[in-house]
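To start, the structure itself, in structure tokens.
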Amino acid sequence: MDNISNIFHNDLLPSLGARANQSIKLRKFIISPYDSRYRIWETFLLVLVVYSAWIYPFELAFLRHLSWKLFLVENIVNSFFAIDIILTFFLAYLDHKSYLLVDNPKRIAARYLSSWFILDVCSTIPYQPFGLLFNKHGNGLAYRTLNMLRLWRLRRLSALFARLEKDIRLNYYWIRCTKLISVTLFAIHCSGCFIYLIADTYPDPSRTWIGAAIPNYRSESLWVRYVTAIYWSITTLTTTGYGDLHAENPREMSFCICFMLFNLGLTAYLIGNMTNLVVQGSCRTRNFRDTIHAASRFAARNQLPEQIRDEMLAHICLRYKTEGLKQKETLDSLPKAIRSSIACHLFLPVLEKIYLFDGVSFTCRLQLVTTMEAEYYPPRETIILQNETPTDVYILVSGAVEERIMIDGREKVEKLLSGGDIFGEIGVLCNIPQPLTFRTSRISQLLRLNTTVLKNIIQENKHDKEIIMNNLYQVSSQLFYHYDIVFR
Amino acid sequence: MDNISNIFHNDLLPSLGARANQSIKLRKFIISPYDSRYRIWETFLLVLVVYSAWIYPFELAFLRHLSWKLFLVENIVNSFFAIDIILTFFLAYLDHKSYLLVDNPKRIAARYLSSWFILDVCSTIPYQPFGLLFNKHGNGLAYRTLNMLRLWRLRRLSALFARLEKDIRLNYYWIRCTKLISVTLFAIHCSGCFIYLIADTYPDPSRTWIGAAIPNYRSESLWVRYVTAIYWSITTLTTTGYGDLHAENPREMSFCICFMLFNLGLTAYLIGNMTNLVVQGSCRTRNFRDTIHAASRFAARNQLPEQIRDEMLAHICLRYKTEGLKQKETLDSLPKAIRSSIACHLFLPVLEKIYLFDGVSFTCRLQLVTTMEAEYYPPRETIILQNETPTDVYILVSGAVEERIMIDGREKVEKLLSGGDIFGEIGVLCNIPQPLTFRTSRISQLLRLNTTVLKNIIQENKHDKEIIMNNLYQVSSQLFYHYDIVFR
Amino acid sequence: MDNISNIFHNDLLPSLGARANQSIKLRKFIISPYDSRYRIWETFLLVLVVYSAWIYPFELAFLRHLSWKLFLVENIVNSFFAIDIILTFFLAYLDHKSYLLVDNPKRIAARYLSSWFILDVCSTIPYQPFGLLFNKHGNGLAYRTLNMLRLWRLRRLSALFARLEKDIRLNYYWIRCTKLISVTLFAIHCSGCFIYLIADTYPDPSRTWIGAAIPNYRSESLWVRYVTAIYWSITTLTTTGYGDLHAENPREMSFCICFMLFNLGLTAYLIGNMTNLVVQGSCRTRNFRDTIHAASRFAARNQLPEQIRDEMLAHICLRYKTEGLKQKETLDSLPKAIRSSIACHLFLPVLEKIYLFDGVSFTCRLQLVTTMEAEYYPPRETIILQNETPTDVYILVSGAVEERIMIDGREKVEKLLSGGDIFGEIGVLCNIPQPLTFRTSRISQLLRLNTTVLKNIIQENKHDKEIIMNNLYQVSSQLFYHYDIVFR
Amino acid sequence: MDNISNIFHNDLLPSLGARANQSIKLRKFIISPYDSRYRIWETFLLVLVVYSAWIYPFELAFLRHLSWKLFLVENIVNSFFAIDIILTFFLAYLDHKSYLLVDNPKRIAARYLSSWFILDVCSTIPYQPFGLLFNKHGNGLAYRTLNMLRLWRLRRLSALFARLEKDIRLNYYWIRCTKLISVTLFAIHCSGCFIYLIADTYPDPSRTWIGAAIPNYRSESLWVRYVTAIYWSITTLTTTGYGDLHAENPREMSFCICFMLFNLGLTAYLIGNMTNLVVQGSCRTRNFRDTIHAASRFAARNQLPEQIRDEMLAHICLRYKTEGLKQKETLDSLPKAIRSSIACHLFLPVLEKIYLFDGVSFTCRLQLVTTMEAEYYPPRETIILQNETPTDVYILVSGAVEERIMIDGREKVEKLLSGGDIFGEIGVLCNIPQPLTFRTSRISQLLRLNTTVLKNIIQENKHDKEIIMNNLYQVSSQLFYHYDIVFR
């Protein structure tokens, strides 16, 4: 059971469940794909993949004679991938039907042999060493072309990006950009190498794109030749096309045709992705602008007093700032039992300090907290207006709220409520219009309890109702005499 | 009546209704457009259309003298299209008002003659053979230009793509891409041929785009000349514009102006389509990221215990994985009678195994199943929390659920429920807070039955109510003594 | 009052209210902007605007000596615009506060003088004739530059496109495209003319873009020079940039810099618009695909019988086809009184033929029709399932519905209902599960009446209730005996 | 408390709260970031930032010897930024946790020193004057390169644009465009300067991009060299790439490669932004078109009488025109107390003039106004239809409404209601179908009061109910006799 839960986290959210990976028990010699050491090995292989992606096209085009140092490095790299092929036979995999890790060696082997085994082997065989047995010259065009099979390793990079896009610890925007830049750079590198290869193997050097521009190009340094090839490649990819370097013979033209067709697609894909990211990025700011704009115009058209206008705008600003929290949406999308757990954890301690619910049964309290909603209010915003129909009871969690009473047309602050106070309960429980105005004096977090829901709950718990009404009477009786309100 | 139903499937969904095509009875000698043999004929013609799209512009520009082989091939192709014209007079068509297949030969003929008949004939007449009667030289510019009328056949391709886009067996993304690539390739091919034709017919060969670059271009092989023309075409289309080949005289400039204007539109159209596809593709991943992100931040900000956080994230992950199923949306969009049929088919067998509904009438059962909702729950998620207000009854279809009880502040697993068990019914039917906690121990599929709906149904069926309460009493009485719960 | 209503139509919907224009009574000599003769005059001016947009940049660059023919044409064109300036003083305008036509000559004059009068006059003064008084040579650079002021007339085109975009008789897609193409062509024409002017006025002809390519360009025909300029312009705008023609001196480079900056914006704007249009266009097809796909997978996963699957798909296809009708959305967005009028018009005649409502009061009927909803059902779809809880009564407007009864586990068609029949009323009015199954046998249009609404209406009209129950009893009594259903 | 409120306004909405800035009391010598004098200072610095962004790349590339005038100007500019560094130590800042201004000098200093202090100092040190102490030649490449650090000041511009985008006084579209144009211009300027620098420092002047085109380029004027560099830069950025100027050596090629990669990103970003803006801009027009289109087709298909069709279209047009007001959305998004304040302010004066609520208590009136909704109706639209079920009471605020009665099948206008009249109340309060038709005769603003809400309010206030029914009786009794309606 633990496994399943961990797998969920790992598959989609590699980081979140990381701490629990050690608990998975697999057969002996079988490695979990979520093992941290295996993850390090994978990351290390990715570095080698990037190296392979760069070196093999480069070698194909520019390195007629392989230096012994490079030859050694290549064979070491290949041996690492050979080790990985062997490791894969001991690597548990996630069954996509049951969401369980499979650690049966036979099933692992069967799955691997029937999927990517052959391609993995082909991309790992050391062709040059084999070639040396028959041929003195170890880096002929044939061997270098066979090396291109090693680019199969790039599928690991593609899998990495798919995983990173879902990793919430990383910024989606930058992951997408990195991916696009990587693809572009690889396309530029490859096409640069290929076009050089075509020129290099053409019989008449003066009728090649590079030979026409630099007559003795073969005597130039490797750096100059590589930069020239890349320069041609990017000039074509970005469709700048200066024309100082251009195809000279039908073979080069054919390659250019293919490359330009590919570019058309790549450019469209790049722009499409960027548009996608830009549209997302600017969405929130624009919504905020529209809302503020509508509110300002509404206030101006209806000549609302300055105070009401300020309350409106402050409220919208606060909502914009706290919108990122997405409190309500997050809670609403969860099933009821989880929501109840969260509400218990967050609101029960608050509820225990409220005089009104002193002595109330645990069941009733539980029912109350599950129906509460947390809200933020900006400073100087009216929460309850004197004389309005009571619809909600509020509990102040943090911040400060002023209790105001209108006497002879002038508002007077009666009391300053602080965290742990409840207000609006008199109107609701006595069924009278709210006798007082309540307004925030600083940023306040409130719990809101709907009248109908509250009444239903206390109706069903007769005993608790008595306790609540008693609590209310003891505290408010004084108040009622004060304001001459008849208790109905 | 059968026809209508089949037509629905075929028109929009060629594959789904395919098995039913044979049942359509039409007049003798009249062919149904959904006949599988006619479909094969149509597909065969499409191959010829692609061939025509390539050969006629090519012939116009490059083939001054038509070889006898090619001449033969062309006339055979034309004759196939001539046969199709005759066939169309025997082809039933779908009336767009009544959605019925019309098989009246007169109406078929009238419709065809008044729509595309003339254009179809013009695109099929063999101009060269006629020309040969008067003129020895069978491929003059006039005949080749007349051949361009054959491109009218491309409308079949356009109709094909419109149909494929609606075919759900194929990936929308790749259909769109294939369409865009086809249009681009055709544009490149045509413009390459036209620009060569313009150069070829210009009086001064040295003042043409190709003559300025390759002085004796006419002595070059057909392959070199074609590649050069295509190279110019794609260099211009992708706006690379190296400048090694460029317009030299006003005639070529005029053509270039038109082609570049067209390119501007085509490029914008390509990018627009790609953006559209990219935006769609990334939509789901981004939504998932946003939801997980909001939930993680919510948990961190409110310092929720690790267990609740894990439940939240596991739930969101499962929802993401099963979102593709779109179960609820699919059902909600259907009319009530279909939904009822589906519910009967899926849930009645499950219901029959539940002890609570043992002996209940068929009508009552039918009403119960139509209001049930299927849901998936990830492992280790709390479904019902002890003491919460009962709102739903759950039936476990597959998976496993633990029945837990809180004794002295410690939770203890009482029982492990498996497929076919019902839970939550005690709280609902006895109107008491849920006496037990229920939580999944592995991925579980549940049927949810809303309290209010359940009560309404058993209220209306007095007799069934007695049976249900009796069933409940027999099984639960033991339980009630055990937990000291008073039966109200 | 009539005026206001007409104005609404005209301002946003020029065509719809056209027939009512004649009824507007304005002061003598004051012209209504919705007068059809004035519309013709405006359209005629637009042709002259297009001519102006082309001729003045062309004249500026290419025509050193104005031919007498062209001089005459120009002055005639100018005089038409002069007439329009005078006409504007007699043209009523729409006040944007009161939505009333203002026909007070003083207010008209004040408004015109304070807005565009001066610019209109400047773009109409005949500079050349004035110049001829002092100078023999009537088309000096100064006069030609002053002529550029006439491009101010283009604001009429911009206003036209804004209006056309809102005209629903035209396709939005093509209007947008035409606008974009017009802007692009005008940009190409202007920049081509300007770059030629710069070359033409440069002291050293060999160091200009055209002089470097065509040494004696001034002796070339007007056509060659114009095509060359346009060719340069579009090569730059599409960023092809062959390089055969390019800036040679700092003056040309400065112009190029500005033009390329402008192009960057224009290209982005073109692509943005195209993306916008493509996204819209493909939206509906994709939604349909997604829905069908989800439904197919739902059926496959749950192994639904083929018949239910076909019903599901047929329903979705029909909804897609009739979605364009947007019946429900249109009605819902209208205020209640209009909806009532429409319902009366459409459904009252149908209701009069129903046996159940025979003899019912007009008030009751009116209330019934306003709550009905029209729906389409595909052939062979079950509307009511035997034994399900009754929720709706249906009236068959057109098509055919089979009444089926399940006897001994086999369904039997009892009756074929046709237009004007009502069904489902027995279950609803007798409060029993539906005794029969009803399913369409061809495309059917139904009116749906919700049970709750129906009961509320007949509850409030006691007398009508008796009539309805009596109607029901007379017709159904026979049926009840037949099926052994007890009348509760 | 005042501070908090002001901060809200200022942070997001610099303008709205501007009038209240003076009221913030901070410690002596501490400056508020919202002080208008500090704002002016900031704006002044922005001008210097723009100057710096232009001058330093230019100086790096083109000015080998700095004139004494420019030297003086630069040092003055630097000294202003030095002053700003000192000022920042006295500048209160907004704490992002508490939303309070912090004016404690130690905390201000600690925050500044730990964030941007070092970079600010580095971008302000006058390198040349220091250099002059050791070296006669005050503008060596080293000093000019160090000057590039001053571009760090650009972060101020970036912050400005982020703020301007949220400022609703400015048009979002133009702010975005200005930002994009600024970025593009800066990229062009910088790359132009850098490529010139690379050419200028290359050992062989004839093998540089500029030397190849203009052999003695160093003897050309500064203007010619600058324009040529910018021309190269923009030719590359827009991917025009004429090829008249192009990289000649590996060093230039390397720079080109980097610049073109950057361009690819910039172009995609520009197009993405433009698409975003275009999509937004055209959204409303398209929605309107779709709605009108659906309504027209609905009317045509159902052959609705012309009058109903006109009412439908007029209603949709009015809604489109007033949609910008977003009245309802704005109100709905506000909390209840603010909505109540607004309703009191707007509707109480209207309610006081209504005969029906004459003498009604203030509490009851307050409850009535908070439930009212304001609506606009176009001319000649039916609001209440004779005989329909009463659902709303309307109060006419402005405009005119005709009271019509159907006698013998012909409608007759009984009375013309004007501002301050109420209608529909007879049907609602007497529970009878509406006895009269009401239709607007010009644009009218109405307050709508839902029947259910109205009944609930007067049910709870027994005394007020009597007053209202009495008011109704006195005014309507006459009417009732007239139309023979029985008072139930």
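Lettered A, B, C and D in written order, each chain numbered from 1.
Operating definition for what follows: a contact is a pair of C-beta atoms (placed from the backbone, for glycine too) under 8 Å apart; a residue touches a chain by one contact, two chains touch by 3 or more.
Note that the structure is predicted; figures quoted are calculated from it, not measured.
Can you check whether chain C and chain D touch via the same residue numbers (shared by over half) or via different ones?
Here the answer is different, because the shared fraction of interface numbers falls below one half.
Which pair, A-C or A-D, has more C-beta contacts?
Looking at contacts between chains, A-D has the larger number.
Would you kindly tell me how far, in whole Å, the mean C-alpha position of chain C lies from that of chain A?
Averaging C-alpha atoms per chain gives centres 39 Å apart.
Please report how many Å separate the Cα centroid of chain A from that of chain D, as a whole number.
It comes to 27 Å between the two C-alpha centres.
Touching two or more other chains, which residues of chain B qualify?
Within chain B, the residues that touch at least two other chains are 239-243, 267, 271, 273, 275-276, 279.
In their complex, what parts of chain C are in touch with chain B?
So the residues of chain C in touch with chain B come to 181, 184-185, 223-224, 227-228, 230-231, 234-235, 237-244, 267, 270-271, 273-279, 282, 285-286, 288-289, 291-298, 301-302, 304-305, 308, 310-320, 377-385, 387-389, 391-392, 433, 439, 441-443.
In their complex, what parts of chain C are in touch with chain A?
Touch residues, chain C against chain A: 239-243, 271, 275.
Which part of chain B faces chain C closely enough to touch in the complex?
That would be residues 1, 4-5, 8-9, 11-13, 16, 99, 165-166, 168, 172, 176, 236, 239-243, 246-247, 250, 253-254, 256-257, 260-261, 263-265, 267-269, 271-273, 275-276, 279-280, 325-327, 329-331, 333-338, 340-342, 345-346, 362-363, 366-367, 370 of chain B.
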